[in-house]
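First subunit A sits with subunit B, and in the next complex the same chain sits with subunit C.
Up next, the complex of A and B:
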C-alpha cells in the first residue's frame, strides 16, 4: 500500500491544483466585489462544454479550442455579472448569494436540457500520456495542471503587486467608495474581476476535462471543493485558497485509496467540519469583520 | 419604574401585539378547515399523492421560513433533513418495531442533533458558511444513504413503512398531516412575533446592532437552524408514512433546491407565503410537463428573477400591495420612562472607567493607552479630529473589537472578556454613527428589542411593549410606532435608534455622533432631547463633532488625538487648551 504513496501524492497534488485554481477565482470575487459566488464551479463546467463543442462539434484545433473556451468564458463572466450581480449590487449580501445559487441551478440544468446527461471525453493537452520518474508515473495532464496552476499564481502575483491595474483592483476591493473618489472606475474593476474569475474557472474546467470527463455535474463538485478549500485555507485569503485546494486534493486522493472509494467526496467535508470546529478562520485566517 | 412594570392593561389590550391569544381564532379555523379537507379528499390515487406530498413538504418548507426568512441564514439541505427524518422513522418502525407516533419525535430529535452540529460548526461566521456547509452535507448525505447498504438499504431504499395505529386510512392519515401542518403554521407565525423571532429578525437585519442590543447572535442563529431541522424532520417522518417507501433519490440536493424555490416563490418571510409556494410548485409541474428535465433550469432562473423583481415572494408582494400599515396606535396614558441611572449609588461615582485602553490594527495604534472615567449622572463628551480613534474607542468599549490591552469597567465590574451582548446585559446600550436599525421590523418592534435586553427591569411581554412605547413617546415618535422603520425619514430613524437604546434602561448610554447627517433644525431638537435626558440624570458618553451641541450639553470633555487623550476636564478648561485648538485647527500637526 505504501508503495503507491508517491503516486497518490502526485495525483493528489494535480487534483488539488485544479481545486486551487477554482478556489482562486472564487476568492477574487469575494475580495473585489464582496460576492460569494455559488456558481463558481459552473464556470468550469461551461468552459469544458464550450471546449467540447468547439473541438468535437466544430473541429476547431485543440489549442485554439482551449484558448477560445477561456476567452469566451471571460466574456460570459461579464454577462453573468450583468444578470446575476448588477441588479442586486445595492441590496443585501444575502440576496446576491441566493441569486448566484439560482445561477448555479440554472446553468447545469440548461446544459443538461441541451446535451443530455451522458458524460463526454476530451483528449489531453499532450499526445504522450506521460513518463516514469522513479516510483511515480508522471501523467502529462496532471503535470500540465500543476504547471498552469503555478503559472497562474505567479501571474496573479505579478499583476496584483507590480502593475497599476493590480493596485486599482486591490484598492477597489478594500474600499469601493474611496477608490471611486480617486478616479478608479469601480464598475470596470468589478467587471474585470468577474471576467478573470470566470476565465480562471474555465481554465480549471478545460484542464480537468481530460481527467474527469465533461459532465453536467462537474461544476457542482468543483464548486464544493472550492468552497471547502477557501474555508480551510482561510476565508478571503489567496494563499489560503491555494493551500486549501491542495489539502483537499491530497485528502480525497489518499482517502479514496486507503479508506473508501465511494466516500471520496466526503473526506474534504470531514476536514472542513474539523477546521470549522477547531480553527474557524482557517489556516491563513484573516479577520474580515464587518466594519462597525 | 412602578408605572412601567404595571402597565395600563386596558390600553395595552388594544395593541394586537400584546394579546396572548393572538392568532388563536385563525388557528382554530385552520384546524376545522384541515379536518374538512381531509374528509372530502380523494382516498386513493394520484391526487391524494400530490396532496400528501404538498402537505409534508410544506412542513419542511416552514423550517426554511424560520432559518432563511426570519434569521437570514441560507440552508441548502432542507431536503436532507426531510431525508434524515424519513429514514429514521422508516428504520425505527420497520426494523425496531417502534410505534409510529414515538418514532416521529425521535426522527425530529435526530434531525435537531444534526442541525446543532452543522450550526455549531458554521454559524459563528457569516451566513454563506452555512450555505457552503449545508450543500456539502446534502451531497455527503446522499452518498451515505446510497452506499451504506447495511443501514439504509442502499439505492433500493426502505419499504413497508407503517402508519400510526388507528390513522392508517388515507383520509385519517392526511387529516393527521393537515392538523400538524396547521399547528406548524401557527407556531411559525407566532414565532415571528415572539421575543425569539424578533431576535432572529434583528440578527438577519443587522448582526452588529443585534449584538449590542443584547442578543446572543450565535445562539439565536443556531436555534433558528435547529428549529428548521426539527421541522424538516417532522415533514420527512410524515412523508415516509404517507408513501410507505423511502429511497435516497427522494432527498437529493435537487429537492433542496426545489424547496428553496418554493419558499422564495411564495415569500420566505411568512409561513403562509411558504405554504403558497409549496402548493404552487407541487401542483404546477403537473401542468408544466412539457418542461421535462429543464424544470430545474426554470427554477434556477426563477430564483434569480425573484431576487431581482420580487424578493419578498408572491405573498410578501401581495401583503405589501393590499395591506396598509395598521393605524397609528391610539392615545392613552403611556407610563413614564425610568431614566435615572444606577439606582442606589450616589451621584459622582465613576460609572464607566477606562484604563490604558489600547487597540492596535497591525502597526496602526488606533488607541494608544486611553484612560478616563465617566461620572455617574454626567454627560461626558469624547471629541477629537477625524481618525483620532473615537469610534474605535466606542467599539472597544461596547465589545465589538477586543482591546489589545487595557481595561474597561462598568460600575466596578470588569468587562474586558465579555461579548457585546453580555456588556449590554450589564447595562450598556449604544447607537451608531451610520444608523443601524432593523429594517425589516416596525418602529415598535425595533424599540421592543432594546427593551427586551437581558438585565432590564421589564421582561413580561406587556411590560416590554409599555416600555418601548414609553421610549418612543420620549423621543416623540409615539404615533409612528406601527410603521415600518424604513419608511421614516433619516433623522427619525436616528431617534428610533436612541429610543431602542433608552428602552433598555441603561446604566450608561453611548452615543456615536448622534448629530451626523441631521439638518440644523434636527440638530436643535437633538440638543433638546439630550438636555432632557441629562435632566433625568442619565449617564451619557457622547462622541460628537458638533461643538455647539457639545457646549450645550457636556459636563465633561475628553479629547482624543492619534489614539491618545490630550485633554480631559470641564468644557471651559478643555476648549481653551492650546493643543486642543491646535489639534482642531490643524496646527502644528494636520488634523
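Up next, the complex of A and C:
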C-alpha cells in the first residue's frame, strides 16, 4: 500500500491547492471588508461558465478566454459588491452573510435558467494530460493548479504585507471610520477587494473546470471545502487558508485510500473538528485575538 | 329559513359554484403527476425524462387521448434530493384529480417517496432499478426498467462466461441504487463461484477518484464492474482511470452509456462494455423511438427518456383497458399488460410490478454505442 503513497500525495496536494485558491478569496474579503462571502464558490462556477462561453461558444483563443474570464469576473465582483454588500454595509455582519447566502442560491439557478443543466467539458491548460515521473503520474492540470496557488499566495502576501495598498486595505477592514479620517477611500478599497476576490474565485473555477467539468453545482462543492479550509487554517489568515486547503485535500485523499472510500468527505471535517477542539482559532488564528 | 344559517348558505353556494368547475376539469384531462429533477445534480437527465414524457403524451393525445380525454402532465421539481422528491410528490398527491404518477429513475428517491405513494394509493411508474423497490410489499410501484437483479445477472454472466474474466473489481455508489446493484452483483458472482478481488464504495459527487483507481490498480483485477449513479462521477473516474494507466476491461451498469457520460468522458470510455436497458439497435421499437426523439429534440435518446416514454404509453394502455381511472382498476390493468413492445423492450408485468426482465449488452466503439446482444431472463412466477 506504500507504493501508491507518492501518487496520493501528489493528487492530495492538487486537490488541496484548488481548495486553497478558493479559500484565499474568502480570506481576502474577511480581512479587507470583514465579509464572510458564502457565494465565493459561485464566483468559481461563473468564471468557468464565462470561460466555456468564450472558448466553445464564441471561439475565443484559449489564453484570451482564460484571462478574459478572470477580468470579467473582477468586474462582476464590483457589481456583486454594489448589489449584495453595499446596501447592507451598516447592518450587522450576520445580515451581510444572509445576503451572500441569498446570492449563492440565486447565481447557480440563474445560470441553470440560461445555460440549462448539462455539464460540459473544457480542455486543460496543456494539450498533454501529464507525464510519468517515477511512480507518480503528474497530471498537468493539477500541476498548473499547484503552481498558480503558490503564485497567488506569494502575490497576496506581498500585496497585503509589503504595499501601501495592502496596508490601506487592512486599515479599512479594521476600522472604516478611522481609515476614512486618514484619507483612505473606503469605497475604493472595498470595491478593489470584491473585484480581486471574484477574480481569484474565477481563477479557481477556470483551473478546476477541466478536472471537475463545468456544471451548475461545481461552486457548492468547492465552497464548503474552502470554508472548512479557512476555519482549519485560522479565520482570516492567508497562510492558514493555504495550509487548511492542503490539509483537507491530503486528508481526503489519504483517508479514502487507506481508511474508507465512502467516508472520504468526512475526513476533512473530522480534522476540522479536531482543530477546533485543540486550537479553536485554527492553526494560524491570531486575527481574532487581535480583534478581541 | 330558520334551519339554514348564513354560513351554511354561503358554504352551499360556494360548493355549488365550485362543483361544476371541478367536474369539468376532471372530465377535460387525465392528469398525471411527474416528479422530475429540474434542478440539482441530475438536472441534465431530468430534461431527457421530460422530453420522453412529452413525446409519448403528444402521440397519445394526437390519437384522441384515452377514454376520449387528453392526457395532461403536471411536473414538480424533485431537486435531485430525497427531501425534494418527497416534497414534490406530496405537492402533486394533494391534488385529488391526479390519476397516476411518474416517479424517479433514481432508486434512492423512489425509496424516499415510497411510503407516501403507499398512503396515496395510486399507481406510480418508476425507473429506479434497486430490486427491493418492488419487493417490499408496496403494491403501487410499477417499474418500467429491468431491475438490477437482471443487470447483475447480465454483468456476471457476460463478464465471466463470454469475456472470460475471473478477477473482478466492483465499484459502486453508496446510495440506494449503488448498494442495491453491489449486493445483487455480489450474489450473482457468488453463484458463479467468484468473490470479487475488490469491492469499493464511493459517496456521490466526488472531485477526485485517485484513491479508488489506485486500489483497483493494485488489486490485480482483470475486469472492472460498476454501479455509478451520476454521470459526472463516472466521467471523473473514467478519465483518472486511463490517466493513471489502468487499461483493465470495464463492464458497467447502464450509466456508462448515458449520453451525458459519453460526452464528459469521451475517449476514456472507448472500448468499455455496458449493460443497457435502452439500446437504439435492440428492436424495431427502440429504433423508431430513437428516430422520433432525434427528429423532435435533435439529440440521441438514452434510458433517462425511454423508460418515461414507455411509462406514459403503459399508463394510457392500462387506463384504456380499465375503462376507468379508478386506482384499483388501473393497477389491475397495468399488471395485465403483457407482450407490449416499448422502447425499452417487451413488457410482461409480473405480480411484483416489474415490467421488464432482461438487459442488452453494448460496447462503446469510439464513442458509438454498438448493440451486442439482448439477454432475457424468465419472469418470476
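FYI, the second predicted complex is superposed on the first by the 282 of 292 C-alpha atoms of A that agree within 3 Å, B and C clash if a C-alpha of one lies under 4 Å from a C-alpha of the other, contacts with A are read in each partner's own complex, and residues count from 1 in each chain.
Going forward, a residue touches a chain if its C-beta (ideal position, glycine included) is under 8 Å from a C-beta of that chain, and two chains touch if they have at least 3 such contacts.
Here the structure is a predicted model, which means the values were calculated and not measured.
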When subunit B and subunit C are modelled together on subunit A, clash or fit: clash
Touching partner for A:231 - first (subunit B), second (subunit C), both, neither: first
First (subunit B), second (subunit C), both or neither touched by A:6: neither
Which superposed partner A:119 touches (first subunit B, second subunit C, both, neither): second
Contacts of A:101 with subunit B and subunit C, given as first, second, both or neither: first
Subunit B versus subunit C as contact partner of A:265, first or second or both or neither: both
First, second, both or neither for A:166, with subunit B first and subunit C second: neither
Superposition clash, subunit C versus subunit B, among 81-89, 135-143 or 243-251: 81-89
Interface residues of subunit A shared between complexes with subunit B and subunit C: 109, 112, 262-263, 265
Subunit A residues touching subunit B - in the complex, by the definition given at the top: 36, 38, 83-84, 87-88, 91-99, 101-107, 109-110, 112-113, 220, 224, 227-228, 231, 235, 262-263, 265-266, 268-269, 272-273, 276-277, 280-281, 290, 292
Touch list for subunit A against partner subunit C, complex: 1, 3-4, 7-8, 11, 14-15, 18, 109, 112, 116-121, 129-130, 132, 137, 139, 211-213, 215-217, 221, 252-254, 256-257, 261-265
Residues on subunit B engaged by subunit A in the complex (per definition of touch): 72, 74, 76, 120-122, 124-129, 131-133, 135-137, 139-140, 143-144, 146-147, 204, 207-208, 253, 257, 260, 264, 292-297, 299-304, 306-308, 311, 391, 395, 400-401, 432
Sites on subunit C touched by subunit A in the complex: 38-41, 43-44, 46-47, 174, 200-203, 205-208, 210-212, 214-215, 217-218, 231-232, 235-236, 243-245, 260, 263-264, 266
